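Next up: some structures, all given as structure tokens.
Shared chain: chain A. Partners: chain B in the first complex, chain C in the second.
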Partner chain A sequence: MSRRVPLARRALFQDRRRAALAAGGVAAALLLVLMLQGIFDGAMGQVTAYLRSSPADVIVSQRDVRTMHMSVSALAPETVAGVQQVDGVAWAEGIRYTTTFLVAADGRQQLSYVIGYDPATGRGGPRRLSSGRVPGRGEIIVEEIAARRLGVRAGDSIGLLGGSYRISGLFRGGTTITNSVAFIGTEDFAARAGNSLAYVLVGAKSGVGSGELARRVADALPADTVQSKERFAAEEASLVKDMSADVMRIMSTIGLLIALAVIGLTLFSLTLAKLREHAVVKALGGRTRYLAAVVLAQAAWSVVLAVALAAVLAVAMAAAVGRVNPAIAVVITPASVLRTGVAALLIGAVGAVVPLRRVVAVDPASAFRRAS
Partner chain B sequence: MSPVSVRQLTKTYGQGELAVAAVRHVDLDIAAGEVVLIMGPSGSGKTTLLLMLGAMLRPTSGSITVDGVDLAAAAERDLPPLRARHFGFIFQDFNLLSALDVVENVEVACNLAGVTGRAANERATALLTRLGLGARLRFRPDQISGGEKQRVAVARALANDPPVILADEPTANLDSAHGHEIARLLRQIATEDGRSVVIVSHDQRLKEIADRVLWLEDGEFRQLAAMATDPVCGMAVETGDGPHQELDGRTFWFCSTHCRDEFRAMPGRFTRGGENAHSITGG
Partner chain C sequence: MSGRVPLARRNLLADRRRLGAGVVGVGLAVMLILLLDGMWAGLQGQATVYSQRSGADLYVLQPGVRDLTAGAGTLPPRTLDTVRSDPDVAWATPVRTAYVILQLHARKVAAYLVGSVPGERGGPWSMAAGRAPAADDEVTIDTVLGDRHGIGIGDRLEVMGRSLRVVGLSHSSGFMLSYAFVTHAALDQLTASPDKTSFVLVGTADPGAVAGRLSAQGLNVLGRDQVSANNLTFATGIFGSPLRLMVGIGLAAGTMIIALTAYTAIVERRREYGIVKAMGATRRRMVGLALAQTVTLAALGLVAGGVLFVAGRALINATRPQFAVVLTAGAAGRAVTAALVMALVAAVIPARRLAALEPAAAFRSAS
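Up next is the complex of A and B:
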């Protein structure tokens, strides 16, 4: 298509201050939406960090228990043996699990999931330690951010379940604003919180898919809940989402409404300021659809600029937040930028409705009226 | 056949007792290369007539034929392309698009007629160069003078090579020198390009370049022989029963007793202008 005079762009950027204010205003509103989404995505990543790093392909839990978050699961002790007999199972390992407080010597506390696992296999523990070694008897490994909050480091002691544990190592991932994860050996866990098996992690033999393995284990253990790791993580994410969805929806709606107001006002004021020129264009032979395309192009330009600006600001703010408070993970994903961009384009189209009505109603004859 | 042919053109606003006829049963033929100047008092229907000629206002009755196309019968959706291809418009306030530079202002008119890209740019550049604006192509409207703005508007009017140019008070916002310049340009456009030029104006200077001067009053064309110019305010006035004054064997006609009294107080101030001070010449 041959080049046409870019009337929409020229008119939009003729007053650069107005264009900057418009793009900035919309970007600020979209930034709110992106940051909320980023906080949500970050929290989701933290909540599912243990699961995502686990070598398990399938997870067995008590009947109707589908998550670790906000759940208590108790399995029969023979469950591990039962799972090991299923065709396609490479290994099965039970973990213990409870929620309690880690207490530092100075009294500082950190709410934490505590997982009892077998340090010899390491399958139920963190995939990698950032420092130190796996826990022996009377030892614990703690998440780095939680350790920082508690003011402790490897070698220090913390209180847990009525006993004192020496920190043998640290790992990364899993601490949220409110919660963390810590690991102790199975025997210590049994000594302090009972020997009740909470979940069984199951590894598949080579060539067996997690879905197929989950089906086989479920057939063998009809009284328990069996899920692939992916399904389990999705349930976990869904739980967190359900807990925060309404707040997210309300805040995002507010953000998008602010964006709508800014886009609408910008386009409306621009259209009003250019009504006479629109009349001139009509008088010169411009069809209404040409001017409508001008208004829509201005909306699109405003939105695209604002989305780009908001995305850059969101990434910068996410990095800044992570530096100030590592427990708050803000993750700005291309998908959330795309989603916000699409929503903003729709908002831009809605914001263009009133200006479009004005443009449609412009009488070309008004170009002949004297300018006031 | 004339490029522009108007028959029994009437425009009435309102209905019943409130109906006001802005233009009544006007007949007009304009030849190619002809400059027609339409004058008349404010509210006489000049602009209404111009709007109907330019396919921007539907007549109540009658026909307007431009290059064989009856504008009054054309479908609404066909009017924008008709305007783009058959007419060039020149406005009193120039009406350039402030966000575009000089060459883009002309290019955009080409775009509206379907000419885009390099072709539009070359045409706009050639027209502007012809009108002496070759050094102003990338200037914005707020960076050029009033006379230059009106020349850009003339170039824009010529962008799609239309057979008819419609100009509404083209010299009203210009000083004397620039006014003359635009007047000469309009004459040149008619003579050299063979376009029909219709000018609506109060500017007496434009009579010099017009082939015909028509006087519109109360929506009808009147005989120019019965018209004179008020030497005080410059308005065209009817001769007959109105305020007038005899002086040195000549009769001066006025729009009001106020103007006549001002004339009586100091006649020398208003008669120094010469022989044209008291009459309109028709083409």
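Up next is the complex of A and C:
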């Protein structure tokens, strides 16, 4: 019988409106978890964007400074020469770095990481300009979204570090919900904010792995922190993860509790409404195990439907958010959907406990009583 | 009849467990909205805490900068001399700030490092224990950071390759950010860029006149309230959109739960409702029955949400004190409005079901 009559599915979907409300309720709760995770996953991608596009294999920073985001690093300018002498190093180039405000002529501001790099090599700058050219003396390149926020375009002037810079070009990528990135020539930077370097980017010779090169440079510079690009990017990502962990935990708990309430409500109501049918199944010789499986299958159906709906809604909302505010990147990953789905399945199993007890206790004789 | 038989209430109360699950679900959604609102209020308070508590009447900032969030040191030392030369300036002191990432117990912790001159203003404003840093190898951290990572007075904290001794604990945590106080000279050394500062705090009995004179000398001078307002604008600009999104989702979840509970209750009693209709109840009366149920559910959910919020806030305060959750009258009003909106929207589907109910349903056997 169990192979022929999909009792769980039929009972669940008999009333489409109720099924839709139940799936919608659980989906809304799961959407909360998915969207929040998506915001942090998106931020993680944004924070590591500069590094991921860098041609460097190894990055040197001040001792105990392992990140760029929300960090300050100071290295002596001679560090570059020290790195260049290490066997396996193809090139080494210092970048200067600070956090400050870009200020438009009308007073609009944009918090920005400002990187001073050598425009001649371009190694420390953006991979590609969307318009204009690399900065000369007294010039700056600005991210597109930041330029829009500031109401400026190529050729306009903006203030930073107490000076005025003419925008020579624009690039795409790097503006987040909190800040943007801008690039000026390293000499301009030194003139305004001091001669020390922040990081040294290191390229490996052909055949030398980044891990091996990092080890060799670390041996040569024991007073500094040396990481492969991958390690540095992982450290940046873990910063976002660690900072968001508590918020994620609080919101996920609330979201999953709401999902639990909806699943419990749905299954309980459904079980009560179908008690007579369950009694009939029992009277026909159906085992309690079979009825329990029906309830659990209903829980699974509710969760799977809700997870699918939440995932679709999350992807749609992520696209909508990106269109409304391009600085917020919401990235819905399969891993995030899977994690939320597994958590929801566990919640579904918990939500099925009370209905299960009701089904187990059902009296087969009640099938022959008149329904009231 | 309508005045005598509270049909909506009886129907809702017919199954207490279902009602309980519905109320808890709605309560959780209301709690979510209240918590987000409370965190928002807490964030606003934390965003302005330094500017309000530093004791300064005026702030001299880097040209063009309007708040204290940038964290870089770009003002030259002569700025301080210019400020101090004004006859109405009672006191002026430089403060240097920077963001740092601390590695504690295999976790990264973002901190706002504040460097002030020992004996002058700009350091910790409310000590829980110990004292403000006096030497360049000393640090005062906030109690949240200390409690969370088991760091006490006398312990050492690694900051940017230097080992600093903890000499004090202060009441000064920020949203997703801790405060750590060092000397100005220590921050100069850590960032390897002496002869610079981030901003200058100014104390004066005549802020308007002083600000006017300093501005005339080319300095960027802002009043305390203006800096606070700008800090607030910056912080709320960052967190505003995600928070609004979460509140919207919470509203949607609450609406669905109310609709589901009311709809289920109505479907299971459709025979009784059929009798009501057969006895001459108008369409308006039937819609009113649905609305009465959703409003009752929303009201109960609101109460449950309030209780859950108080419990949730106590739990967050105990385990994650860095998130200040503040209940304001505005937040309570918004929660009531949210519950009302949820009740009204949630009534649509059950009301349509009731309005479309055939009186003949009264004479069919319940299925």
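Definition applied: the second predicted complex is superposed on the first by the 369 of 372 C-alpha atoms of A that agree within 3 Å, B and C clash if a C-alpha of one lies under 4 Å from a C-alpha of the other, contacts with A are read in each partner's own complex, and residues count from 1 in each chain.
The rule is simple: a residue touches a chain if its C-beta (ideal position, glycine included) is under 8 Å from a C-beta of that chain, and two chains touch if they have at least 3 such contacts.
Remember, it's a predicted structure, so these values are computed and weren't measured experimentally.
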State whether chain B and chain C clash or fit side by side on chain A once the two structures are superposed.
fit
Regarding the shared-chain residue A:65, is it in contact with chain B (first), chain C (second), both, or neither?
second
Which partner chains sit in contact with A:364 here, chain B, chain C, both or neither? Use first/second/both/neither.
first
For the overlay on chain A, what angle lies at chain A between chain B and chain C, C-alpha centres, nearest 10°?
90
So, does A:7 touch the first partner chain B, the second partner chain C, both, or neither?
first
Quick one: classify A:347 as touching chain B (first), chain C (second), both or neither.
neither
Thinking of the overlay built on chain A, is A:243 touched by chain B (first), by chain C (second), by both, or by neither?
second
When both complexes are superposed, which of chain B and chain C contacts more residues belonging to chain A?
C
Could you look at A:285 and tell me whether it touches chain B, chain C, both or neither (first, second, both, neither)?
first
Check the superposed model and tell me the shortest C-alpha distance between chain B and chain C, rounded to whole Å.
7
Doubly contacted chain A residues - partners chain C and chain B:
371
Footprint of chain C on chain A - complex, ascending
15, 17-18, 21-22, 24-25, 28-29, 31-32, 35-36, 39, 62-67, 69-76, 98-101, 103, 107, 109, 111, 159-162, 177-178, 192-194, 196, 223, 225, 235, 238-239, 242-243, 245-247, 250-251, 254-255, 257-258, 261-262, 264-266, 268-269, 272-273, 317, 321, 325, 328, 354, 371-372
Which bits of chain B are touching chain A when the two form their complex?
47, 50-51, 54, 56-57, 77, 80-85, 89, 91-93, 95, 97-100, 104, 107-109, 111-113, 116-120, 156, 160, 168
Which bits of chain C are touching chain A when the two form their complex?
15, 17-18, 21-22, 24-25, 28-29, 31-32, 35, 62-66, 69-72, 74, 98-101, 103, 107-110, 158-161, 176, 190-193, 196, 234, 238, 241-242, 245-246, 249-250, 252-253, 256-257, 259-261, 263-264, 267-268, 312, 316, 320, 322-323, 349, 353, 365-367
Can you check the complex and tell me which residues of chain A touch chain B?
1-5, 7, 10-11, 13-14, 276-277, 280-287, 290, 363-365, 367-368, 370-371
